[in-house]
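Two complexes are shown next, each including chain A; its partner changes from chain B in the first to chain C in the second.
And now, the complex of A and B:
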C-alpha cells in the first residue's frame, strides 16, 4: 500500500515536544561563545530630520563595548530597494545620519553592543536622539497628494503604477452597476518567533550567520550583496523557525548588520528583537485600498468588473510594491467575466514597510471580487450563492486563460461550491435566518459564501526550479537535502514520505535537512505555497532516479536484467520481481560506492488551488458583536500527500483569515505613531474566537507536476476572510446594511446598522 | 522588553512589608501577582527602584465570613476566589467575575489586593467590588484603616492610599442568594473589557451598579442606582448608565459606542440579576 495520502504523524514533533525547538535565540553553538549582544536604537518619530545623536553617555554605560551611529559606518552603502525598477532614492540607510530623515517609527538610528543583553536595553536608553518632526504621511490618500514628499530625491511618493485606467464606457452596456470603496487593511504577520540573527567570523575569513528566515539561500545572497562580500565567504544557517507567514522571506537589514557588527567588533554578535520591536520593524501585509465596480444584468450575469488598487508600500518600498500585480492577475478569480479591468498605484507612507503575508496579493483579489459579487447579488435581490454559480468558469481539465491574464491549470468551482453548500446545510441555514429575522431576534444569523482560486508556486515558468539531493547510506538510512525551508509546514515528514514511497525505506530512517548554505547551496525556500509542488516534486524525482541507479547496480551484483528488479520492502533493498528476500539490500548497494542522486525539478507553470467557504456568524444586533459559529470549507489543492498536514495548513490559514475579517488591524495615529505594537493592543485570533472547522474533501489533481499537488499553505486564509466578512454583512443585511469594512469590529457593525436605519428612515433607500 | 534595574525584597509578613515600604519610600512598588506591574516595567512605563514582593505573605490569603461581611485577604489569587466555597455561597458575584479575568495563568497569579491597588479603569474585580460597596482595608506605618471603595479609586491609576500603605483586605456584604449580573464586553474572550457592567442586589434592598472602562477609574452608575431606588423600570434606569461618565475614545471603541455599551450592558446585567434571562443575554448559543 502506498504511504502517500496517509496520515503519517509528524516526525518532527517528538523533538519539538520534548526538547523544544532550537530557535536562533536559543543557539548554544561554540562559535557563538562570548558573543556580544546588539541592541538597536530606533526612531520614535515617524517622519522627521535627525538633528543630533549623542552616544557619549551610552558609551560609558555598564557593559557597553561599542556604540555605532551613522558616523561609524565606514564604507557601508545604503541598501537599495529590492526591485530593480524602483528609484534608488528609496534606499534605506543602515543608520539614519544627522541631517537625514527617519521614515517610520522603528527606523534605525544607532546600535549598541554590550556584554550582556539587559545592559543593551539600559544603554540604548542613554543614546539621546533629537529629531525635528515633519508632517507624517499615514494614508495613501495623503501620500498621493505629494504635499509632503518622503524622499525629496525621488520627488514623489508614488512608487509604482501598474495597468491603465478603464475606458469610460467600460460599464456602458450593463443593466446594473454597483461600485464601492473597500479596505483590505494593514495587518501584522506576528510570527511567535520574532526576528533574530547571530554571526561569527572564522579564522578562514568566512562568516557564519544564523537567522530566522524562509529560505537560507536567498537570505545569504542578499546579505552578501548588501555587505559587498564574496558569497563564498558567507555561510548561512537556518535554525528552527517559529513561523514566518511571508514576513521572513529573504533577509532583513538587521541580519546583515549583525554580521557587519561581528566583523567590526572582532567577536560574535547576537540579536533578538522584542515583540514591540517586531510589531514596528517586521514587514507587514495587505494594506490595500480598493475600488470595486461590478456590472451585469438583472438575471445575475456579470459582464464587467473593475478593480482599482491603491497599495501602501510603507516607508521603504519592498516586495509589497509588486504584490498588486498578483492581485491584478487574479482579479477575475473563479468567474467567467467577459470584461475585467485592474490597475494599481503604489505609494510610500510613514508606516512599516509592506511585504508578503500569507496569500500576498491573492487574498486581496479574492476579497475584492467576493465583496463585489455580494454587492451585485444584493442589488439585484438574488441569493449570493446563485450569483456565483451563474458566473463560474465551467469545470475544466485543460488550461484555461482568464480575462485578467492568468492561465488556470485545472478546476471545478461549481462542484466546490456545491459540496460546501451541502455540507453546511445551506437551505436550512437560510431558513433559520428567515425565522430569526421574522422573530426579530437579538441574535441574528449571517451566512457568508466565498469561492476562490489562487496562484501557488507563482515563480514557476520563470526559469526557477527546486532541487533535491537524496543519499542512501550503508546503514540503510537515507538523507534528503532540500532547498525548501520548512518553518512549521512539516517537510521533514512529507519529504520523507515521498522518498519512502519509492525506496521502501521507512520514514523514521529518512532524515530531511535544509537551511544550511554549505550543504544546500541552491534553493528557493518556502513561500507562496511552492514547496510541495516544486521541492516535493524534486524529492520524488530524486527518489525515482535513485531507484534507477540502484537497479543498475543491483543488476550487476545479481547478474540480472535491471527490468526484472523491483524495490523489495521486506528485504529493504531490491529483489527480482516475485521473489522477495532474494536480492540485495540498500546497505549492500551503498557499501562500495556512494549511492546518491542530485536532481532539479522545474515546474513549467504555477498551479491554481481553489475552493469554497461557508461562514456562519451570530451577530448581537444590539451591540454589533459577531461570533463565528461555523466554518465549512472546501480547499482543493490537488493530490494530497499527507492529509494530516494539509488539514493543519487549512486550520491555520482559516484562522488567520478570520483574524483579518474580524479583529486585526495595524493602526497609526495622525503623527504616524503605531497604536498596536503589543499583543495587548493587536488582537490576532485565538482558539476562543473560533468554532471547530468543518473540512470537506475535494482533490482535483494538477498536470503541472508528477505529484498532482497544488499549494495549500495560503488557501484557507484566502477563502475564509471574505466568507466571514460576508457573513457579518449578511447577518445585518435585513437592517439595510450592504457593507462593513474589515476588521468587522462590533463598533463598525453597530454603527453600520444605525447609519442604515437612519438613512432608511430618511429616504427609504439602501446603505 | 527588559525592565530597568531594580532591587527586590521578599517579605513574609504584613509588618515586614510595611517596614520595607517605609524604608524604601516612594521609589518602592509592591509586587503581588505581577501581571499588571511587570508588563509595564518591561515596557519601561514604570521604573520602580525596589520591588517588595508580598506574594508569599500567607496571612493575607483567606476568604472568610466575619459577621455580616465576607473578608478577603489581599493576596488571595483570582483562582482561589473563583473556587472559594465561602465566596460562592456568600457573594457569588465575586467568584464569577474572578473567573472572567484574563486567562488561567493570570488568574493563578493575580491577586485581589493587587488589582484593587493597581486601579486600572478596565479591571473586572474592582468593578464588582464597587457595585458591592466594598470596604478596602489598608495598612501603613500608623496602622490599619478602612476606606469605603467609593472613596478609594481617585483617578487614573490613582488611589486614596497614602505613601507607605498597602492593601491588606477587602470586605464585602454577604449578598447570599440575592441576584447579580456581570456583563463583560470584549473583542476576544481573554481581553480586557471595552466596557463591563456589574449589577448586584444588596442586603439593604438597594441595587449596586458599577461600570468598567467608562472613565479614568471604575465608576458607580449612580444615576441608574437612583432611578431604580425610585422604582423606575430596568429599561428606564439603564438608559441613564452613561450619565456622569467620561469614556475615552481609543482604537478599541469611541466614546459614543462605549456609552451605548454602558446602557446595553447595564440593562442586561440588571435583567440577569432580576432573573430575567432570554435571547438577549450575553452568552452565545451556537447555530
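And now, the complex of A and C:
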C-alpha cells in the first residue's frame, strides 16, 4: 500500500518533545564558545534627527567589551532596498549617525558587546542618545501629502505605484454600484521564536552564521552582499526555526551586523532579541487601505469591480512594497467578472517595515473582493452565498485566464461552496438566525461565507524550481538534502515519505537535511506555499531517478535485464519482477560505489488552491462582543501527501485569520510610538478565543507537478479572515450595519450598531 | 549567590547573580534549553515548568525563589526513554509544528490534567489560555490533551518525585 496520503506522525517529534528543538539561541556549538552578547540600542523616537550619541558611560560599564556607534562602522555601506527599482535614497544605515534621521521606533543607533547577556541590557541603557523629533508620518494619508518627507534625498514618500486609474465610465453600465473604503490592518507575524543570530569566524577566514530564517541560501547571499564578502566565505545555517509566517524571509540587517561584529571583536557573537524588540524590529504584514467598488445588475450578476490599494511600506521599504502586485493579480479571485480594475500606491511611513505575512498580498485581495460581494449582496437584498454562486468561474480542468491577469490551473469553486454550506448546515443556520432576530435576542447569530483562490509556488526569487539530493548509504539508510527550509511544516517527515514511496526504505531510516549552505548551496527556502509542489516534487523526482541508477547497477550484479527488475518493498532493494526476496538490497547496491542523485524540478507555473469557509459568530449586541463558535472549511490544495500535516497547516492558518479578523492590530499613537509592543498589549489569538475547526475534504489535483499538489500553508488564513469579518457584520446586519473594519473588536461593533441606529437607517448605506 | 534545587530529579547547586530568572538559570547555567522564552510580559507560557507541583512561568520567578524546590522541565518528563502520556499524545495528534511553544504547552497541559483529569474541550482551552501558540491554531493541542486524559492519572503527574501537580 502506498504511504502517500496516510497520516504519518512526524519523525522530528520525539526529539522536539523530549529534549526540545535546538533554536538559534539554544546552540552549544563549540565554535560559539566564549561568545560575546550583542545588544542593540534603538531609537525610541519615530522620526527625528539624531543630535548626539554619547557612549562614554556605557564603555565603562561592567562586562562591556566594545560599543559601536555610527562613527565606528568603517566602510560599511548603508543597505539598499531589496528591490532594484526602488530609489537608493531609501537605503538603511547600519546605525543612524549624528545628523542623520531615525525613521521608526526601533531604528538602530548603537550596539554594545558584553561578556554576559544581562550586562548588555544594563550597558545599552547607558548609551545616551539625543534626538530632535520631527513630525511623525503615521498614516499613508499623511504620507501622501508629502508635508513631511521621510527621506529628503528621495523627495517624496511615494515609494512605488502600480497600475492606472480606472476609466471614468468603468461602472457606467451597472444598475447597482456600491463603493466602500476598508482597511486591511497592520498586524504582527509574531512567530513565537523572536529573531536571533550568532556568528563565528574560523581560522580559514570563513564566517559561520546561525540565524532563524526561512531560507538560508537567500539570506547568505544578502549578507555577503551587504558586508561585501565573497559568498564562498559565508557559511549560513538555520537551526530549528520557531515559526516564520513570512517575517523570516530574507536576512535582517541585525544578522549581518552580528557577523560584522564578530569579525571586529575577533570573538564569536550571539544576539537574540526580546519580544518588545521584536514587535518593533521584525517585519510586519498587511497594512493596506483599500477602496472597493463593485457594480452589476439587480439579479446578482457582477459586471465590474475595482480595487484601489494604498500600501503602507513602513520606514525602510522592503518586500511589502511589491506585495500589492499580488493583490492586484488576484483581484478577480474566484469570480468571472467581465471588467476588473486594480491599482496600488505605496508609501513610506514612520512605522516598522512591512514584509510578507501568511498569504502576503493574496489575503488582502480576497478580503477586498469578499467584502465587496457582501456589500453588493446586501444592496440588492440577495443571500451572499447565492451572489457568489451566480458569479463563480465555472468548474475547469484546463487553465483559465482571469480579467486581472492570472492563469488558474484547475478549480471548482461552486463545488467547494456547496460542500462547505452543506457541512455547516447553512439553511438551518439561517433559520436559527431568523428565530433569534425575531425574538430580539441579546446574542445574535452571524454567518459569514467566503470563497477564495490563491496563488502558491509563485516565483519568490528562486524561479519555480527546487533541487533535491538523495543518497542511499551502505547501511541501507538514506539522506535527502533539500533547498526548502521547514520551520514547523514537517518536511523531514513528508520528504521522507516521498522518498520511501519509491525506494521502499522506511521513513525512520531516511534523514532529511536542509538549511546549511555548505551542504545545500542552492535553494529557494520555504515561503509562498511553494515547498511541497517544488521541493517535494524534486525529492520525488530524485527518488525516481535513483531507482533508475540502482536498476542498472542491480542488473549488472544480478546479471539480469534492467527492465525485469523492480523495487522490492519487502526486501528493501531490487528484485526480479514477481520474485521478491531474490534480488539485491539497497545496502548492497550502495556498498562499493556511492549511490546518489542530484536533481532539479521546475514547475511550469504556479498553482491555485481554492476553497470556501463558513464562520459562525455569536455577537452580544449590547456589548458588541463577537465570539466565533464554528469554522467550517473546504481548502482544496490538490493531492494531499500527509493529511495529518496538511490539516495542521489549515488549523494554524485559520486561527491566524481569526486573529486578524477579530483581535489583532499594530497601533501607533500620533507621534509614531507603538502602542502594541508587548504580548500584554498585542491581542495574540489564544485557545479560548477559538473553537475546534470543522474541516471538509476536497482535492482537485494540479497538472503542474507529478504529485498533483498545490500549496496549503496560507490557504486557511486567506479563507477564514473574510469569513469571520463577514459573520460579525452579518450578526448585526438586521440592525442596519453594513460594514465593520478589522479587527472587529467589541468597541468597533458596538459603535457600528450605535451609528446605524442613530442614522435611523435599517436599509441603505450606514456608518 | 548560591542556589540549590532539584532539577529533573538531580540535585543542582550553582552560583547565580541574584537577578537571574529561573528561565535563564535553566537555559544558560543548566543547559536545559527545551524551556523557551517567547515574551517579556508573562504572556506566552513558552517558559512553563513545574515547581513543587505547580505550573510556573519560569520567566517570572528568580532562580533564587526556587531555592530548595523540585523543578521539572520538559527534559525530565519522560522516564527510561518512554514518553510521558502528554508527550506521546502531542506526537500522535500532531500537537506541535515549530515546537517553540511545545515545551511550555506540554508542561501546562500536565498541570491542566492534574487539576482536572477529564476536561472538556472548553476546559482545556481555558486551562491553556496563558500559553500561546502561533502555529497550530490550538486545535491539535486540545485534541492531544484530551487524548492524554484517556491514559488516566499518569497524564497529570511528573515522574521525578511522583509529585501531584496543580495548575
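We adopt the following convention: the second predicted complex is superposed on the first by the 755 of 767 C-alpha atoms of A that agree within 3 Å, B and C clash if a C-alpha of one lies under 4 Å from a C-alpha of the other, contacts with A are read in each partner's own complex, and residues count from 1 in each chain.
Following the convention adopted for this analysis, contacts are C-beta pairs under 8 Å (C-beta built on N, C-alpha and C of every residue); 3 or more make two chains touch, one makes a residue touch a chain.
Because the structure is predicted, anything quoted here is derived from the model rather than measured.
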| item | value |
| --- | --- |
| Superposition on chain A - do chain B and chain C clash or fit | fit |
| Touched partner set for A:31, first chain B, second chain C, both or neither | neither |
| First, second, both or neither for A:206, with chain B first and chain C second | neither |
| Partner chain in contact with A:693 - chain B first, chain C second, else both or neither | second |
| Contacts of A:655 with chain B and chain C, given as first, second, both or neither | second |
| Greater residue coverage of chain A in the superposed arrangement, chain B or chain C | C |
| After the two structures are overlaid on chain A, angle v-u-w for chain B, chain A, chain C in degrees (C-alpha centres, nearest 10) | 40 |
| Chain B versus chain C as contact partner of A:389, first or second or both or neither | neither |
| Partner chain in contact with A:59 - chain B first, chain C second, else both or neither | neither |
| Touching partner for A:430 - first (chain B), second (chain C), both, neither | neither |
| First (chain B), second (chain C), both or neither touched by A:519 | neither |
| Touching partner for A:301 - first (chain B), second (chain C), both, neither | neither |
| Shortest span in Å between Cα atoms of chain B and of chain C, once chain A is used as the common reference | 5 |
| Chain B/chain C common contact set on chain A | 117-118, 274-276, 678, 680-681, 686, 688 |
| Residues on chain B engaged by chain A in the complex (per definition of touch) | 1-2, 4-5, 39, 43-44, 185, 187-192, 194, 251, 253-254, 257, 260-261, 264, 279-280, 284-287 |
| Contact footprint of chain B on chain A as seen in their complex | 117-118, 121-122, 125, 274-276, 429, 432, 441-443, 445, 616, 618, 622-623, 625, 627, 629-630, 663, 667, 675-676, 678, 680-681, 683, 685-686, 688-689, 691, 745-747, 750-751 |
| Complex contact set, residues of chain A against chain C | 9-10, 13-14, 16-23, 25-26, 28, 117-118, 190-194, 240-243, 245, 274-276, 487-490, 644-645, 647-648, 651-656, 678-681, 684, 686-688, 690, 692-693, 716 |
| Contact set on chain C toward chain A in their complex | 17, 19-20, 24, 27-28, 31, 33-36, 38-44, 46, 74-75, 77-78, 83, 87, 90-92, 94, 96-103, 106, 121, 124-126, 128-129, 131-143 |
